[in-house]
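Each structure below is given as structure tokens.
Both complexes below contain subunit A, partnered by subunit B and then by subunit C.
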Partner chain A sequence: MKIGIPRALLYPIFYPMWETFFKELGHSIVNSTRTNKRILDSGAKACVEDACLPVKIMHGHVIDLIDRCDAVFIPRLISISQEEYICPKFIGIPEMIKNSVKPCPSLIVLDYNAKKSTNMAYKGYYKLASDLGSSKKDIKQALERALGQQRAYERALLGGSNPLLALEGLETFSIRKEIKGTIGLIGHPYLIYDRYISMDVYKKLISHDYRVIVPENIRPEAIEKACSIYPKKLFWSYGKHLLGSGLYMLEQGLVDGLVLVTSFACGIDSFVLELLQRKNNRDYKKPLTIITIDEHSGHAGFDTRLEAFIDMMEWRKENGNNISSHGKGLYIS
Partner chain B sequence: MTGKDLYLGVDAGSVSINLVLIDSRYRLIEKLYLRTQGRPIEVLKEGLENLSQLIGPGFKIKGCGTTGSGRLLASALLSADIVKNEITAHGTAVLNFIPEASTILEIGGQDSKIILLRNGVVSDFAMNTVCAAGTGSFLDRQASRLGIAIEDFGSLSLKSTSPVRIAGRCAVFAESDMIHKQQMGCSAEDIIKGLCDALVRNYLNNVGKGKDIQPLIVFQGGVAANIGIKKAFEEALGQRIIVPDNFEVMGAIGAAILAHRKAKATGSTSFSGLASLKKDFTTKSYECHDCPNLCEIVEIRVGSKVKAKWGDRCGKWSSSIESLNKEKELNEGVPSA
Partner chain C sequence: MVITFPHMGKVYISVKALFDDLRVRTVIPPPISKKTLEIGTKLSPEMACLPLKINMGNYIEAIKEGADTIVLTGSCGPCRFGYYGVVEKDILKDLGYDIEVVILDAPKTGHLNFINNIKKISGYSSIPDLAKAFRAAYKVTLEVDKLIDLLLYKRARETRVGEADRCLASFERMARQVHGSSQILDLTEQFMERASNIREERGFKPLTIGLVGEIYTLIEPYVNLNIESKLGRLGVEVHRGITLTDWIKTHLSLDMKYRQERKTMLAKAEPYLNLCIGGHAWETIASTIDFYEKGLDGIIQVLPFGCMPEIVAESIMPTIGTDLQIPIMTLSVDELTGEAGYMTRLEAFVDLLKQKKGKVI
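Up next is the complex of A and B:
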């Protein structure tokens, strides 16, 4: 069977797992085209109006796969970590697509729910693959291999790679001159690893001669620990991921500044980016900017903000007195 | 005053194109504030012609800087020494003229910004996000709805005795709220004051959210001409607000200062001269079909020579210009500018 995998939503995080799983079971894989204007336009047109940009993009990728495969793989990620949830839009994705994409291709839906335990979540893979006619024994083996691939991928990310380098084949740039510093790039994986909708923010930062670190480089235990300063558990997995990795980068002095990328009307980001910004303003005073993206295709506004941010970082650095002996900023008002 | 060195700053914004000439001690020699009217190239040409008449012979322009959303276009036409974003340009200008300033409120046609200055540098900034609520175009729109010239807007608002509350989150909400208040019989002055308050509230809640607004506060950009908005800011912040003399061209002044610094550091200028725009400039835009991104490419030509290209995500057109021009020069024997 030829299975189409949309390059959208959590594709940059779980692709090695999905690809290996289906290939091990004897299926072939077709990827949707990388996000482009046509995908954005067709997705925005098909999707309900009030959805966020990444959900619209997902619709566009499904449309891109029509007639190119036997069925499109749609993961319904309910929870990816114990006692946590991810954005409710992910739970409704298969239904949104069924109702909005016309004619709708046949869908293979994975129900993945790790709220109770990760082992429970694997049941979703068994259900999906046995519906496709695989034996329990084959599924078990495929799942083990897929998990092996996924763990190797996650190790590579923790080792300093990122999905753009590891999956999208973006070449590591040779930084022309000496590295000017390190910027933490914080945002949902479907934003910062999509070169089209993120206006290529990663490459733009690198081409200003900065090293860029991303949330996927930070160990989960470190994220957990960084978030323990809050009185309540953060039950949105990605909210915690972004906030915790940002806090960790600030706490450990890994970055000279933070660039936060969010899509317009993201409910989770409205909380966590605010928390991160407040904590930075109070304790670290590092250069920080939030850039909101939507369906814009003009780069001018985005580039202005990014250039101003880089200028500000360099200006403050030149000024010299923004770092005290405690490693904290001196921009105390 | 002959033989004096001047520096040109151009702020090519969405609503106006501002040109300034300063001397090497950053004194303002000339300023022009021109409405863009959707034809930036023609307006820029007219502006430069005016400038060269105003200053007469004997002056030499030793550097040129551009800023604003049209900074790339302006730089391509003028061969500017430096192209800078508006935040850096405004920050540079204020730090030079009002070094004790801590906060810049800047409201232009499509953009609004807040810039925090600490220890002589820009330490934080924010710009409006995806919508233009809280900017000059919001006021323009509402003024024309009320049939009032935007120039009279500020003085009318000062006559208000009991301002009405207008929903300011969105221009569409504001408009319907305003109509309801009109139908109820509220006076135009009170509605205008309500609009000024709504804009300020919107600005402080969005652009200024979480920012530590410390005195001295400087208010600039085209909207700073509106005394009603200045007053509304003073009431909302409980602070005195300073509007600098050349509030409407501060971005251009910043660009000129940066050009002076650049020219001083390099010892030369790439500026093509005030007469350079007499040449025949043409622009063309097309969709590149080499990949599914379908980027909108803009091409600027001087005669048959392609001077600049941009809009491509991959960089193949924008980076092709230098080699392309060299090739052309070899073929046609055109001397380089």
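Up next is the complex of A and C:
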């Protein structure tokens, strides 16, 4: 069977798992085209207006796969970690697509729910594959191989790689000159690892000769620990991931500044990035900028903002940490 | 210790009764006003959901009146509501307020914490006293909801327009002044009496509309621009998808019969959505179908802009509308929603229902 996989939402994180799994079971895979204007526009048109950009773009990728495959793979990631969720929209994404993409291609939905345990979650893979006619034995083997690939990938990420390097190749992102410093780039994977949506922010930062570290480089335990300053466990996996990695980067002095990327109308970010900014303003006072993206964002405004941030970084480097008493004026937010 | 808490519709009446009975001092935040919203919008993250912004405004206004402890309920996801308390606390801290924030999480996520917190805010009342006070507050909630429902019925039929609204307003004014559950219950009874005496237009058959959507927006008239009153005055009988009583039954009580009913109810959503995605999206879908089965003329879904679970429900609504041939309208509100445009949409929807009904009869 020819299975279409949308390059959207958590694709940059889980593609080794998904692709290996289907290939091992003898299916072939077609990926949607990389995000472009057509995908964005068609997605925005199909999807309800109030949704966030990444969800609209997911719709666009599904539309892109119409007529190019036998069925489109839609992961319903209810929970990827014990007692945690990702976002309500991740749970409802198959319904959103079914009701908004017309005519809707046939969908293969993976129900993945690790709220109780990861082993329980694998049931979703068994269910999905046996519906496609695979035997239990084959599924088990495919799952093991897929998990092997996924773990190797995650190790590479923790070792300093990132999905862009893996998906787009290293050469594109190498720094030619002397490194001026390190910037933490914080945002959901579907924002910062999508070169179209993020307006290539990663590459732009690098071409200013900064090293860039991302949440995927930070160990889960460190993230967990960094978030323990809050009186209540954060129950959004990626929310925690972004907040905790940012806190950790600041706390350990790993970065000279932070760039936060968020989507307009993202409910999760409105909370976690707020907490991160407040903590920074209170205790670390590193240059920080937050870039909000929506379907009307233009490159011009974006570039200006990034330039201003880089100027700030450089200014701070020259002037040390002599922060004026009106510190606030120094932060772009 | 002087306790305050965020507004959500008539919640304050029950909460006040509870703390009065426990002899704990409270400050009810002033009724939500433009000022409240302004304060809240200024202090909250721009993309925060509207309820959080209004909470912030409530706190600041209550602190000005002497509150030093904030009590609110929590939950453990998937929606943002569960993390309101933490974000609100952080904002207040940066503002330099020395205030305690007590988050009452649903018991299943940590019994001990829940009981300790209750003890803390109840001035260490004994367990039997606590149980009694909670039961009484629950009774208050039930009765107040009955009053609201009666007024919904009357508002669509009243001969003198505005009478139901006036009745409710004076009830609320007086509820702030009486003390303890027994006085509030007496008051509610009086107003039930007064409401039942509202004169109805004879033989008038109003249109019926079911309201579904995000709970805060449904329950808090300031946020939904008083949709119940607006529709009532247009001669529409409004049915509510979620009430405060439902919320309490679901989250705080062990009423097995209710749980079973709720299950049956949620099962109605099955063809469209069959799992909890957070907030009340599942209820939104289930109630829509339930209202259809009950023969209502139309459905209105209300949500605050950017509400994550309701956006999922919103994408399903048109399909239900087509499948069941029932008119459905979605209204998303934010701090900028204007009265005029809102009213126009309501009127247009009611006209549509009238026409449709006209054809059928």
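Throughout what follows, the second predicted complex is superposed on the first by the 315 of 333 C-alpha atoms of A that agree within 3 Å, B and C clash if a C-alpha of one lies under 4 Å from a C-alpha of the other, contacts with A are read in each partner's own complex, and residues count from 1 in each chain.
Assume a contact is a pair of C-beta atoms (placed from the backbone, for glycine too) under 8 Å apart; a residue touches a chain by one contact, two chains touch by 3 or more.
Computed from a predicted model, the values in this text were never measured in an experiment.
Asker: Contacts for A:Glu95 in the overlay, against subunit B (first) and subunit C (second): which applies, first, second, both or neither?
Answerer: After superposition on chain A, A:Glu95 lies in contact with subunit C alone.
Asker: Return first, second, both or neither, reflecting whether A:Glu307 touches subunit B, subunit C, both chains, or no partner chain.
Answerer: In the superposition, A:Glu307 contacts subunit B only.
Asker: Which partner chains sit in contact with A:Asp200 here, subunit B, subunit C, both or neither? Use first/second/both/neither.
Answerer: Touch status of A:Asp200: first partner only.
Asker: What is the contact status of A:Cys87 with respect to subunit B (first) and subunit C (second): first, second, both, or neither?
Answerer: second
Asker: Considering only touches as defined above, state whether A:Phe264 meets subunit B (first), subunit C (second), both or neither.
Answerer: A:Phe264: touches subunit B and subunit C.
Asker: Figure out whether A:Leu275 sits in contact with subunit B (first) or subunit C (second), or with both, or with neither.
Answerer: Touch status of A:Leu275: second partner only.
Asker: Once the two structures are superposed, pull the subunit A residues common to the subunit B and subunit C interfaces.
Answerer: 264, 274, 278, 281
Asker: Touching subunit B in the complex: which residues of subunit A?
Answerer: 33-34, 36-39, 195-196, 200, 264, 274, 277-278, 281, 285, 287-290, 292, 294, 296-297, 299-301, 303-305, 307-308, 311-312, 315-316, 318-319, 321-322, 330-331, 333
Asker: Contact residues on subunit C for subunit A in the complex?
Answerer: So the residues of subunit C touching subunit A come out as 45-49, 74, 76-80, 82-83, 85-87, 89-91, 94, 103, 105, 272-273, 275-279, 281, 303, 305-309, 311-316, 318-319, 332.
Asker: Would you mind writing out the residues of subunit A in touch with subunit C in their complex?
Answerer: 47-48, 50-52, 55, 78, 83-89, 91-93, 95-96, 99-100, 230-236, 262, 264-271, 273-275, 278, 281-282
Asker: Could you please specify the touching residues of subunit B with respect to subunit A in the complex?
Answerer: Checking each residue of subunit B against subunit A gives 69, 72, 84-88, 102, 111, 118-127, 129-130, 210, 212, 214, 291-294, 296, 311, 313.
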